[in-house]
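Sharing a structure, written as structure tokens. Questions coming.
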Amino acid sequence: MSWTLDEWFVVALARTIGDGEVVFHGFASPCAQVAMHVAKRTHAPGSLLVEGATYAVDPVPVFVPPTSNDLALHRDATYRMRFEEFFDAACRGAIDRMFLSGGQIDGYGNTNVTAIGGLPHPKIKLGGGGGGCNISATIGALTVWTTRHRSGRTLVRHVDFLTDIGHRTPEGDRAELGYPGRGPEWLVTELGLFDFVDGHARLRVLFPDVTLADVDAATGFELRVELVDGLLPPPTAAELEAVRAVDPLGVRRSEFGPDELRRTFP
Amino acid sequence: MTGFHLGTDKRATLDEAAALVPSGATVALGGGLCARLPMALVRALVRADRNELHVVGSAHSIDVDLLIAAGAVGVCEESYVGFEQDLGLAPAYRRAAETGAVAVRESCCVTVLTQLRAAEMGLSFLPVRGVKGTDMEALHPEYRRVRCPFTGDELVAVPPLAPDVALLHAPIGDAAGNLHLDQPYVLDERFAHASRMVVTTVDRLVPTSEVVAAGVTIPGHTVAAVVEAPFGAHPASCYPGYAYDRPHLAGYIAAAAAGGSQLASYLDRYVHAGEDAYRAEIDVARLTSWSTCDTAWQELFR
Amino acid sequence: MSWTLDEWFVVALARTIGDGEVVFHGFASPCAQVAMHVAKRTHAPGSLLVEGATYAVDPVPVFVPPTSNDLALHRDATYRMRFEEFFDAACRGAIDRMFLSGGQIDGYGNTNVTAIGGLPHPKIKLGGGGGGCNISATIGALTVWTTRHRSGRTLVRHVDFLTDIGHRTPEGDRAELGYPGRGPEWLVTELGLFDFVDGHARLRVLFPDVTLADVDAATGFELRVELVDGLLPPPTAAELEAVRAVDPLGVRRSEFGPDELRRTFP
Amino acid sequence: MTGFHLGTDKRATLDEAAALVPSGATVALGGGLCARLPMALVRALVRADRNELHVVGSAHSIDVDLLIAAGAVGVCEESYVGFEQDLGLAPAYRRAAETGAVAVRESCCVTVLTQLRAAEMGLSFLPVRGVKGTDMEALHPEYRRVRCPFTGDELVAVPPLAPDVALLHAPIGDAAGNLHLDQPYVLDERFAHASRMVVTTVDRLVPTSEVVAAGVTIPGHTVAAVVEAPFGAHPASCYPGYAYDRPHLAGYIAAAAAGGSQLASYLDRYVHAGEDAYRAEIDVARLTSWSTCDTAWQELFR
């Protein structure tokens, strides 16, 4: 049995979901989207999935299309939340976990999905943050991810524009801001896996074809490292099968550069 | 909206509908991402040479980008404009933001929702829980802080947002403007009630009884004009009619990214030529094939 | 052709509705409820009716039942507002007119539907105000009515509890309170018809079997009088037909005492 | 509500459902006036001898009055309790208010709605436009004033209202608690999302597919327990099943107005005897005759 990095990456995201959690992903997030369904079909059958921009509850799509507001994603959902119903639930803390990515991510897990170079004079205007600015403050826990760690431009010391809240902003930490959400719990990259301690990312695991020097070279924020064994076991057969069944079009692959897509394991 | 729109016959042409949206208007765009976008109205506004529009909404794509590409937008206050991982950044939006041709007042879905609710509820402000600590506040000098009289917490206060007009598209509607939508409604309901008027296209104008049987999502008393425009959301999807037209979108993005004559020729061919010519270019068989089987549906996205 | 007081009363209420107005009545208001449908079927075909506790838009009920949240009241409605949709519309000024009654009504048109004797020690606990407390502030205009003027206990100098806002409260007038609604426009009683000038009720017409002395004896607030002719013409045949067609059960009659029900005209 | 209620089988007995509502709880009652009231649950709470309940809602009738008659209520925060012009004032409520046996914190539909929305939106306060100048504020020392940061106007601020439990009744629902309601929904949707849990009865427990086909109004993830209780809203109506039972209501009102042994015998016969005995007393043929023709329907109200 062999598998690709994109498959393992999705499995790593999926494992951040606890059984019985209420989980949401935003649009433009194929890896997170696939991961939610993988979790539901493997270790977290009791989770409740809110399907991205459709707000459908626990749908069973036959495939994941590359656009997030598509009828294919509603399949077999008993219920579709209204837009305001979902965002109210997120604001009052009824959603346990959300997946968040960013063009830039700092050591506190703050993300920039608005503009490289900031505003009003962006170097690159990114798409924008959707609802993350508010709901990153109140959702139970966040799984942050990027597939562009190796670029050296993604994990940065300071985000050029703070769109979504991590553990600490220039105006204070979550307690000082009055934010009930617990903030980023995991940061998953194509190089390895971070958790957060004292509100700062800490590297726990490297993918087997990655060295600490690779991560060090690619990370702009202070690199805290405390590696452990057993936190990123290889995908099980069931997990791989779920990834492939959920995502026959391979939309997850659109998040990765061509070099990363060539990585295979073991 | 203050003041309902009474009357039983609000049928109009696309030109008449566009005439209800002056340059400089604050315009809410219905639908979301690449679904149920009011594209026929967007094209009509471009043909009518509108400019300095202030567009507001949640997550959008070619509707906003095409308006920007055509020079119709002054201020962009959406929470996202782009084509996700599938087709990437929005080329005209990106360029206009980077050159300063459009004022970027990016917002957050929850903030926009809250501002619409303030308008809908007749309130002069509402608080949001988040935003504090982010750079969104600096982008919006119109926000204020307010202290919760119960907890003493300082919250961000946002003003009501009552768009001059909400542009919607629905699969079916009647002459009075009663519309049926399938979920997700995105912000269409909130837009309808918070805006001064709804101007809408429908794929099919049908008898009231058919809308009632399907369920009235947007009541006619919010609607000032309704235009029958088959494939009015294309190249966005409007199920159950038609799916996302990926080749068309890719073609648009290439043209918009190139700018200049490539963009001009897209606009000539797909906008200035008018809706009859536009519809003649649609591969109807392909876009309606999604309902035949899951395999055909998947093929639309390969 | 002859008619009864309850029929004429309903017609008088109906005539306060302008063609093209958006009109609402609350629950426990049979006279107003019937009046709305009478107006729609006679002089105000272009009005938009929001049917009481069902929030149905422009229904055509075959009969009016004596309970306001009943399916019989939805008949042929194209649309039913949600509860919050109606109240939001009322709060933002999209509703042009509402009918309001009260156990007590003062000269400014403030009403008490909460408790005779006030709270916390009521002499008579009335049913309560529904949504009037807020929406009386913001709805375009109010038609206030009572069928118990003659009792002497209804039109009072001071309400024991101010539930719904008239033109002026102890905290100030509408401008001072920041209320955009124009307040009470008409006060219709079983004795006659008042309008409002400078925010105070002014008697304009008496029913033909009523004297000024009757009204004077029954009115607790300062009685301002400026009678005019032609403001309360007899019901037309079309109006009477509409009253009888809309209300075959005679629910309107439940608002009147037995003596008032015996009044017939001409 | 913070925290969804997961799980696919929430079926319970009336006793188990009542056990989720302790004395002293803040209880939202679904439906409105004499329609879709959760009467089987109300009766179960009386049998379970609850007291000091804090009931909240909009316009209600026998649900609140019966709870008060049975001594179950400490605080009443409804916008109306009564039987309209048809059957008049609510006898037990009136007596309890006049003697001080129940604390009357009458509210306004809009205020209750706004407080529920604050809970639903996770906000520690919301403003209302009205209330100022009325005597409602003196009745609610928990309200505060807040100054609009945009207009400078002083508005009344109200705290969030998150009921401990919302008691609902629906014509149909499934084992997971997905409920279909017909309009008007009154506050049932807002109660479901703002409360810590929904406890519901349904006239018929059906497969999920039947609820989905009719439309899910209240999602199962808000629901902690669902009880099949045919005629569970009686003597209120629950269309399309059954209409308002006017003779029963009139009988209740006479008993409640008389108090003493007459009230006790109503409670013995219709509450303490249990739901099987209760249902045996219902004139099913009469209450379901409304759908045969308009004449039969009218006859129910004569």
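Order of writing sets the chain letters: A, B, C and D. Residues in each chain are counted from 1.
In this section, contacts are C-beta pairs under 8 Å (C-beta built on N, C-alpha and C of every residue); 3 or more make two chains touch, one makes a residue touch a chain.
Remember, predicted model here, so these are calculated numbers, not experimental data.
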item: Length of the shortest touching-chain route, chain A through to chain D; value: 1
item: Shared interface partners, meaning chains that touch chain C and chain D; value: B
item: Between B-C and A-B, the pair with more C-beta contacts; value: A-B
item: Farthest chain (mean CA position) relative to chain C; value: A
item: Inter-chain centre distance, chain B versus chain C - centres from mean C-alpha coordinates, in Å; value: 42
item: Distance from chain B to chain A - Cα centre to Cα centre, in angstrom; value: 27
item: Centre distance in Å when chain A and chain C are each reduced to the mean of their C-alpha atoms; value: 58
item: For chain A, residues contacting two or more additional chains; value: 91, 138
item: Where chain B touches two or more other chains at once, by residue number; value: 121-123, 129, 151, 153
item: Touching pairs - complete list by chain label; value: A-B, A-D, B-C, B-D, C-D
item: Of chain B, residues touching chain D in the complex; value: 121-127, 129, 144-146, 148-151, 153, 155, 157, 159, 215
item: Residues of chain B defined as touching chain A within the complex; value: 31-35, 58-59, 78-82, 84-86, 89-90, 93-94, 97-98, 100, 103-104, 106, 108-111, 113, 117, 128-136, 139, 151, 153-154, 182-187, 189-190, 237, 239-240, 243-244, 246, 290, 294, 297-298, 301-302
item: Chain A - residues contacting chain D, complex; value: 20, 22, 46, 48, 57, 78-79, 81, 85, 88-89, 91-94, 138, 180
item: Contact footprint of chain B on chain A as seen in their complex; value: 27-30, 53-56, 62-63, 65-72, 74, 80, 82-84, 87, 90-91, 114-115, 118-138, 161-165, 169-172, 177-179, 248-249, 251, 254-255
item: Parts of chain D lying in touch with chain A, wherever the complex brings them together; value: 1-4, 6-7, 119-123, 176, 178, 193, 208, 211-212, 216, 219-221
